[in-house]
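Next come the structures, one after another.
Shared chain: chain A. Partners: chain B in the first complex, chain C in the second.
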Partner chain A sequence: MGASYLAVGWNRQKKIYDWFIFAFCALYLTTFIAVTALYNPDYTFETALIRSTATLAILLLHVILSIGPLTRINKKFLPLLYNRRHLGVTMFSVALIHGSFSMLQFHALGNVNPFVSLFTSNTQYNSVSQFPFQALGFFALVIFFLMAITSHDFWLHTLSPKIWKALHMFVYLAYFLVIMHVMLGVVQYETNPVLFVMVLAGAATLVTLHLVAGTKEVRKDNRIFKLKKEGFVYVCESQDVPDNCAKIFCIDKERIALFRFENKLYAIHNVCKHQGGPLGEGQIIDGCITCPWHGYQYLPQNGQSPPPFKEKVSTYIVTVEGSQVWLNPQPLPEGTERSGAAIIIPDKQIIENVQ
Partner chain B sequence: MIKPLRKRHLQIWTALAVLLPLGIIGARIATPKFPAQTLLQPDAAKPLPDILKQREKDNYIVFIRSNPQRSAFQLEWLNKNPLTWPSATIYKVPKGSSVNKGILIGRIESRGTYRFTVDAAFEPEKLSTAQLILYDFIHEQIIDTINF
Partner chain C sequence: MVISIVLILIVTYLACGLLFAIPFVIKGVDKIDEAANGGSIGFRIIIIPGAMVFWPLLLKKWIKQGGHKK
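This part shows the complex of A and B:
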């Protein structure tokens, strides 16, 4: 979170993460090219580079697309989510090298414009095995390019979160295009089934992860709160909410995050103003609720970002009766201050903790 | 994430759960049993011992080879330097004719040595009335003409 736009907000963790990504990519490409040179000495360097960058970009794309559902299934994967944008830009850069060298090798050495050549050298759109697969890769690369150049917060604010998110959801179309680019391209020329099995396994893993995570979210959304009184609904027991963390409840189609901080409970709207991130999946850091997606922060007692920031989310009234937590799902105006509901800790538990 | 967005994600992945297997398995079923690039000759073809004709250009050398009995003939294409065309085809055409009237011999790529089994029409005496054309089939242009 920054008061002004910076090129890239690198902190120590992000630098370590980026160096790790860079080292992995360099090691992967070097190993791939070295093994190719060893076992297929007839291959040119350009061919080895085209193939190594292709496989690396697809591997990174699978990792990127699995981060979202993995964090929904297990919070331990959250650190990956914080850095997903860097991984996305890295994947685009690798894919761009693949695309550029492919254009250079197959379309740039004649007297026809390479882009014209790309779309006119093969027009067998009615054939499966001879389909012009390069065009599919080209369109996927265009989508990745648009995503990469708009990955900065400047574009998020300029385009609005709704348009930005809609644009970035084209990644799923790009993924489908990439898979078909591989299946109608290199797989048609390979008799070895390993590549086909790998593509199928990758797609099956992603589909399973997303459907499992999606179904889990639907169950959360459809939970029925039966116990109600005077505008409040019973949501959980006070000890169910971990310290400095939250539990998320979907009441009347709205998600509410119930945070525990310094033995008080606070409820705020679960959706971050930045990109719609799930605030309830974040933690309280330095006294602020911190969005797990990009680190936007809000004070638990009023749902406001600490000055000089101006973002605000709705707050809700919480009460604790004995160990029961009751929540009023009627949102208060964004940024409304209210005191937290003190958690009553049984004497027995205090004695046990002291011992 | 807001609820409509979560719903859209689930809808997209439900659609992909159908489309991806269809696309992947469909493409796999359509894969030819043999590699599509049948124009490329296998590496294993060994050179025949006698060189009957030879033409040398800046970037490549072309040999017409045969066995001692003159019952088998071979066209050998040796790239000295990488060609500036990623792939090209070799045609044998009657002198002065266009590629359309030629016989396709095979396809070469920018590097390497290629050997193509050819028929008795490549005997030196018969070859004087023909020429080889190196043809860029992607951009439909003649790259070079080789006369023996």
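This part shows the complex of A and C:
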């Protein structure tokens, strides 16, 4: 979040993250090209580069698509989420190198425009073994391009979060195109089944992760809150909410995040104003609820971003009776200040109860 | 033949986008998003490819915002 836009909103953590990505990519490409030169001396540098960037881009794409479900399954993966957009732009850059060198090697040496050649040199669309798989990779690259050029927050505000999110959900179509690009390409060029098996294993892993995370979310959303009293519903015991973290409750189809901060409980709407990130999956950092997706922050007392920022989310009234936490699911206007509900049980006793 | 025509149309569209993007990143962006006021040069450069693609939408917003100012 920033008052005026910068090209990249770097902080120390993000710089470390980016340096790690850069070092990993450089090491991967160098190792791949060196091993290729050693074991397949017949391959040209261009071929080694095309193959190394292809495998690296696919690896990064799998990591990117795994991060969302992994963080829903286990909060320890949250740090990976903070800078996912940089990983996405890196993946696009690597895929662009792969695409550019492929165009140079396969389509730029004749007297036909390379883009025309891409679509006309092979038109066997009704054949599996001869399918023009390069066109699939091209369309996937176009989707990654659109995602990369709209990755800045300016585009989120300009296109609206709904359209921006819808555009970026096309990553799943791009993933499908990439898988088909690889599979149909492997059929035509590869005799070694290792790549084929790796891609299948990657796809199976992604599907499993999404199913597990989705099931967990549905189970959480379907919980029925039976105990009601004067507009309040019983949600949990006070010791169930970890310090500086939250529990998320779905009441009347609205997700509410209940945070514990300095032994008080605060409830706010779970959806971040920036990009719809799940605030309840974030933590309280420097006294602010911090969205796990891009670090947007809100004060627990009033759901407002600290000045000079202007984002606000709805807040809710919470009460604690004994150890029971009661929440009024009727949202207060965005940014409404209310005192937190003090936790009555001493911390020492909470620790004993947990143990 | 069809591919060539489609390519020419895309290139023309992007060329118009580039012509639009230059004044837009200098002046227009500040009109349609207040957070762009005082935005860095890096930010202005980084949005050029997007402006080339989404220029009709940005032009519409720019014109609309200009009308509001009056």
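Descriptive notes on the structure:
Note that in this section the second predicted complex is superposed on the first by the 345 of 355 C-alpha atoms of A that agree within 3 Å, B and C clash if a C-alpha of one lies under 4 Å from a C-alpha of the other, contacts with A are read in each partner's own complex, and residues count from 1 in each chain.
As a convention for this text, a contact is a pair of C-beta atoms (placed from the backbone, for glycine too) under 8 Å apart; a residue touches a chain by one contact, two chains touch by 3 or more.
Note that the coordinates shown come from a computational prediction; the quantities given were computed from them, not determined experimentally.
In the superposed model, A:Gly277 makes contact with chain B only, not with chain C.
Of the two partner chains, chain B is the only one that A:Lys165 touches; chain C does not reach it. Applying the stated contact rule after C-alpha superposition, one finds that A:Met183 touches chain B and leaves chain C untouched. Contact with neither chain B nor chain C is seen for A:Ala342 once the two complexes are overlaid on the shared chain. Contacts of A:Asn113 after superposition: chain C is touched, whereas chain B is not reached.
Residue contacts after overlaying the shared chain place A:Leu146 against chain C, while chain B stays out of touching range. Looking at the shared chain after the overlay, A:Ala23 reaches neither chain B nor chain C.
Those residues of chain A lying in contact with chain C across their complex are 2-8, 113, 115-116, 119-120, 146, 149-150, 152-155, 157-159. Listed in rising order, the residues of chain B touching chain A in the complex are 1-3, 5-6, 8-10, 12-14, 16-17, 19-21, 23-28, 30-37, 43, 82, 84-86, 110-112, 136, 138-139, 141.
Interface residues of chain C facing chain A in the complex, by the touch rule stated above, are 3-4, 7, 29, 32-33, 35-40, 42-43, 45-47, 49-50, 53-54, 57-58, 61. Contacts from chain A toward chain B in the complex involve residues 42, 44, 105-107, 109-112, 117, 121, 128-130, 165, 169, 172, 175-176, 179-180, 183-184, 187-191, 196, 199-200, 203-204, 207, 210-211, 214-215, 217-218, 221, 250, 253-255, 271, 276-278.
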